[in-house]
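Attaching a single structure in structure tokens format; questions to follow.
Chain nomenclature is as follows: A, B, C and D, assigned in order of appearance, with residue numbering initiated at 1 for each chain independently.
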Amino acid sequence: MIVCPNCQHQNHVQASHCAQCGQSLSDAVYRVCPSCGALNPIDGQFCQRCLTDLTAPAAQAQPAPAPPDMAPEPTPIESAPAEPAAQPAKPNTKKREAKRKKRRDRKERAAQRDIAPLPDPAEGRQPQSPENGLAELGGDPLAGVSDVLPLETAVALPHRGSPPAELRSGHDEQEDARLFSSLASEPAPLTAAAQQVLPPVRAELPRWLKLVLALMLLLAACIPTLSPGWLPTPTTPSAGTNAMLSALSSLGSDAQVLVAYEYGPDHAAELDPVAQRVLEQLADQGVRIHLLSTEPSGLGLAERMLHGSDSLQGGLDRGQIQVLGLLPGREIGVRTLMRSVESAFRMQTVTSETHAADLTHTPTRISGFDHVILLGDDSRAMRAWIEQAPPTLHPLAIVTAQVYPALVPYEASGQLVTLVQGPTAAIELQASTSSRITATGATDGLAALFLVVLCVAILANVLPVKPGKTR
Amino acid sequence: MRRIMVAAFAVIAGLLVCLGLLLPSPWLGRVADLLLEGALILAAFALLLGLLNVLRSHAQKAVKGPRRGQSIVLIVALLLTLAIGLLFPQSAAQAWVFDYVYSPIQASLGALLAFVALQAAFRAFRLRTVDAAILLVSSLIMLFLQIPATAALWPRLGAVRDWMLAVPVAAGIRGLLLGIALGTMATALRVLFAVDRPYTGEE
Amino acid sequence: MTPLVPLLSGNTEPIALIVILILGALVALFTLRARGGGRMALRPLRVYQRLSELCSQATESAATVFATLGSSAPEGSGMASAQAALMLLRFVGRNIAHTGRPVRATTCDAALLPAAQGTLTQAERSDGLRHPRTGSQISFAGPEPLGMAVEAECAMADDAPLANLMVGDVGAEALLLTEMHPGVIHYAGSDDPADGALLQIAGDETVIGEDVLSGGAYLDRPMHMGSLVAQDTLRVVLMVAILVGVVAASIGLWG
Amino acid sequence: MLEGIQNLFAAIPATYLHAAGTWLAAILTLLVLSYIVGYMPLYRLAGHLFIGVSAGYAAGLAWHTVLWPRLVLLISGPAQHWIYAVFFALGLLLLTRGIGPLSGLADLPMALLFGVGAALALVGAAMGTLVPQVGVTIASLSPASYGGGAAGWALAIDAALLLVGTLLVFASFHHTQASEERPAPGLRLLSRAGIVGRKVLYVAIGALFSGALISFYTVLAGRIQFLISDWGAAIAGMRF
């Protein structure tokens, strides 16, 4: 890369102008390290690869550890990467901003080298003798400089520059070299800085522990299928489930209900039982049901449920249950639906003659539905419905346990008329009615899950395994 | 110039939709509807672009690379499902693929989350900070209270669960939601004011 | 449920319009002021501080960075989280493009794919690459987040990236990645409460809620300072309004 | 030919299709769950199959519900539905993304997508979340509003806790901070409140995590049930 001499921006090798400040890079030059041959920016004090002092004579290229009495006071090393994004200062002049940016860029480069930042050449260097006056780039950049090469030559040459001519190092250079050697020979600050740059990565859980956890969970997951029902189930449904049941049973035979399948097959085990129970109850009451989904997989689930249940299949055959279809574009679809049901599903009737949704018995406006039921496994999808619908919609939401707490505020504000948690509602419905939902043992399963999590909490604090997070 | 035109297009489209949604003008409403429909069409085209992307990247992997078999399976599955979807929409074949391929794999991937969530819990439940302690206690209490048997055995616990959800949890989530709404609005306004132009790949 | 008294029920449209106008005016005002270069002290957010370090580290170790962009749809209300994801992608892309190891990314929203491709191409161009890659390093993994997790997992197994950025609309699928690749530093963030909670548990460096959307001001967009100050101003106004309303309601003046 | 294929599929007895499907679903389930024992290739294979199937399924549906009907309308009445031609042209521009020098053309359709998204997000967040949630936070703290007595006091205390918790969490997202140059006591108070707010937030995070555990567990139990019941029945029903 070419480091812009003006703003320190690292440009691509082929760049002709600096991408940041626009200055021409045609006379940017490299400095070849006398020790390892690496190409360094012209004003670099130390080689980026081997840290050789580039301004020192070749004889001192490999710095020996400085004698203890010569070592200066350890320079306080700034924590290399800790450039807080938030600067408390509030500089107003552009000049200071530019200066800070320059310094930050330099620090970033220092961090890239994975070492504590070396003494800032611009700050540490005093006015130099003409032979070494590399900092002053005014005029011909090569004037008076003998150990730098123009770009083409530097690239063309093999990466082993010939040792430069003997140069007399000034006092400042010797000071820098001493500082460098003291830094290089003191492992402590460098290690500390390195630790900050390279955060410790968390350890993987031991294989046996993973297997133990998995085994416990598998055993717990078998319980709902195999248990005869050890624990009691609640005799009265919770307030939410009760509210849902009373809202549903109040619907007459001429009522129109819109049901949105907003969940995928990954949460079908949670929501299918409740959804099926709700749909069957509505179908028994003679309510007209209109199904839709904004997700492709939701539609597939709806159709699977309709064909898998005799009473629902009957409703479908009678035309009492109707699949409106896919409502594409989550928010866009909901918005369009709120404006007009007909326009939201107009397109479905354009082409497919055999599968076209018959909209003749569907309300044309969303307000024509007596109830809107949302079945959701994604709090974003649920929020899309809540936020894009008018506040008068008041849908009933049946959601997974995962998103249930996230939607509680919307129930409190009345934007959801009732919020029901799928798995517990399934158990409660099964307990309170003699429906054919197979939730037997589910409450035992949840109790087993609690025990497993409790075990995990204890093991995490007892076992000498330390797979913590990085922080 | 091109960038200014693109930004102007985004700003005008956004403002028109915004006004169409907020103001009760039927004319603006129609314009907003039209733009929403346009976005829908573009999103569908994006899916087409996505398909081309999947096919291209996995075709490359199918020719060489360590995952040849997987990429071949992916491409064949994609083309077959697409063909069924295009040629036999809403057919029994499509339903079969959904019921016996799509749905079981997705459900099983969802089931895997239980295992990894338990492993994550093992890391998060190590009592090293106050936050971890709050998390542990809150998780265990809420988990315990959500077992239906607890309410059946001790009816008062049902009330405790409702209180937990209605007061501390609702307070936390409502504060979070208010912040999210504020942040979302500010982000949207930055796009509508063309301060941010993510559509040109720039800030 | 506690029977609270909702005082602002019914039609929210006029109030929403007023709130939008106020925030719009504040954003415009403070953004213009931020253009002048003023900076405020910000509450430190570790994720964004770490992200700068990450770029240095990636440059040094010549390791790549992976981005799991999630399912935020730019054409819906996922626009905000999409914007947050693109912001991070651009920041990292711009800072490590010169290393020659491109950022690789996967997404499960088709409309986010071209946006991310454009963002990465621009980022590489601004890092001096004259012939930036045209976005082939970003892949679409079908519309399902769990599918995206599989694709991301394979890519991470192949590339052994230094870090995985999962900011945007990323949810439970992140757990698969964090547990299958614990050696990778997982930066996670979601502006959804349910997803954010999982990411807080799973990620190494996590940002949740509103903080996800304010990354620009912390990273490389001082202009975003303006909207941040506007957000804060409206926040204080809302809090004062809530307190005044509560006092008024409690002494029976209102409601 | 298409009808022939369809007839062929229809000719297979439903029980055979179901049995074959159950076996396939069970095998795919086991492939995915093989991750538990740490064996990744099978998991990845099933995952790639899933990516392919889900992408193909979604694309087929998108074609039939979004693109094809509008294309039909456009062809049948170009003068009436000319606007679709504009959107289809924009859609084609979107496809240029990734084609070297043409890539910039996709900016225009992306601008429409982001513009529309910004409008929907702005209006949705303001109308659907901010205003109603602020509205519901403004609740009376007087016990008399809740009927008085012990119950009234309890509900008033609940309302106060809810109010304080909400404000603390809301304050914890305040970004600007007091600094040496700007020692605003109000900002300092907000950041102190925010520290407490984060703890309240952690209670909510714990609740959300417990909900997630229940969710994932229920899904896993559903899979186990499928393997034991459905697949078990399919195995038992086989006649050797």
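Everything that follows uses one rule, which is that a contact is a pair of C-beta atoms (placed from the backbone, for glycine too) under 8 Å apart; a residue touches a chain by one contact, two chains touch by 3 or more.
Owing to the predicted nature of the structure, the values given are computational and were not obtained by experimental measurement.
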| item | value |
| --- | --- |
| Two chains sharing the most contacts, counting C-beta pairs only | B-D |
| Centroid spacing, where centroids are CA-atom means, of chain A and chain B in whole angstrom | 12 |
| Cα-centroid distance, chain C relative to chain D, in whole angstrom | 16 |
| For chain A paired with chain C, centre-to-centre distance based on mean C-alpha positions, whole Å | 7 |
| Touching two or more other chains - residue numbers and ranges from chain C | 1-2, 4, 6, 9, 12-13, 16-17, 19-20, 40-43, 73-80, 82, 111, 113-115, 118, 121, 136, 140-144, 146, 149-150, 154, 172, 180, 192-194, 196, 198, 201, 209-211, 214, 217, 228, 231, 235, 238 |
| Set of chain A residues in contact with two or more other chains | 86, 88-90, 202, 205, 210, 214, 217, 221, 239, 264, 266-269, 296-297, 300, 328-329, 331-332, 335, 352, 383-384, 387-388, 391, 401-403, 405-406, 409, 412-414, 421, 442, 446, 449, 453, 467, 469 |
| For chain D, residues that touch 2 or more chains besides their own | 35-36, 44, 47-48, 50-52, 54-55, 57-58, 61-62, 64, 66, 70, 94, 97-98, 107, 110, 113-114, 116-118, 120-127, 129-130, 132-137, 158, 162-163, 167, 170-171, 173, 177, 179, 181-182, 204-205, 207-214, 216-217, 219-220, 222-223 |
| Category of the chain touch graph - line, ring, star, complete, other | complete |
| List of chain C residues in touch with chain D within their complex | 2-9, 12-13, 15-17, 19-20, 40-43, 73-80, 82, 111, 113-115, 117-118, 121, 134-136, 140-144, 146-147, 149-151, 153-154, 157, 172, 180, 193-194, 196-198, 200-201, 209-211, 214, 217, 228-229, 231-232, 235-236, 238-239, 241-243, 245-246, 249-252, 255 |
| Contact set on chain C toward chain A in their complex | 1-2, 4, 6, 9-12, 36-46, 48-50, 52-53, 55-57, 59-61, 73, 75-78, 98, 126-130, 143-144, 146, 169, 171-172, 182-185, 192-195, 204-205, 217-219 |
| Complex contact set, residues of chain B against chain C | 18, 22, 39-40, 42-43, 46-51, 53-54, 56-57, 66-67, 70, 106, 109-110, 112-113, 116-117, 119-121, 123-124, 135, 162, 166-167, 173, 176-180, 182-193, 195-196, 198-203 |
| Touching residues (chain side chain A, partner chain B) in the complex | 202, 205, 209-210, 213-214, 217, 221, 231-235, 238-239, 264-269, 297, 300-301, 303-304, 307, 328-329, 332-333, 335-336, 339, 343, 352, 355, 401, 405-406, 408-409, 412, 421, 424, 427-428, 431, 442-444, 446-447, 449-450, 452-454, 456-457, 459-461, 466-469 |
| Complex interface listing, chain D residues touching chain C | 35, 40, 43-44, 47-48, 50-52, 54-55, 58, 94, 97-100, 103, 106-107, 110, 113-114, 116-118, 120-127, 130-132, 134-142, 145-146, 155, 158-159, 162-163, 167, 170-171, 173-179, 181-182, 186, 190-191, 194, 204-205, 208-209, 211-212, 216 |
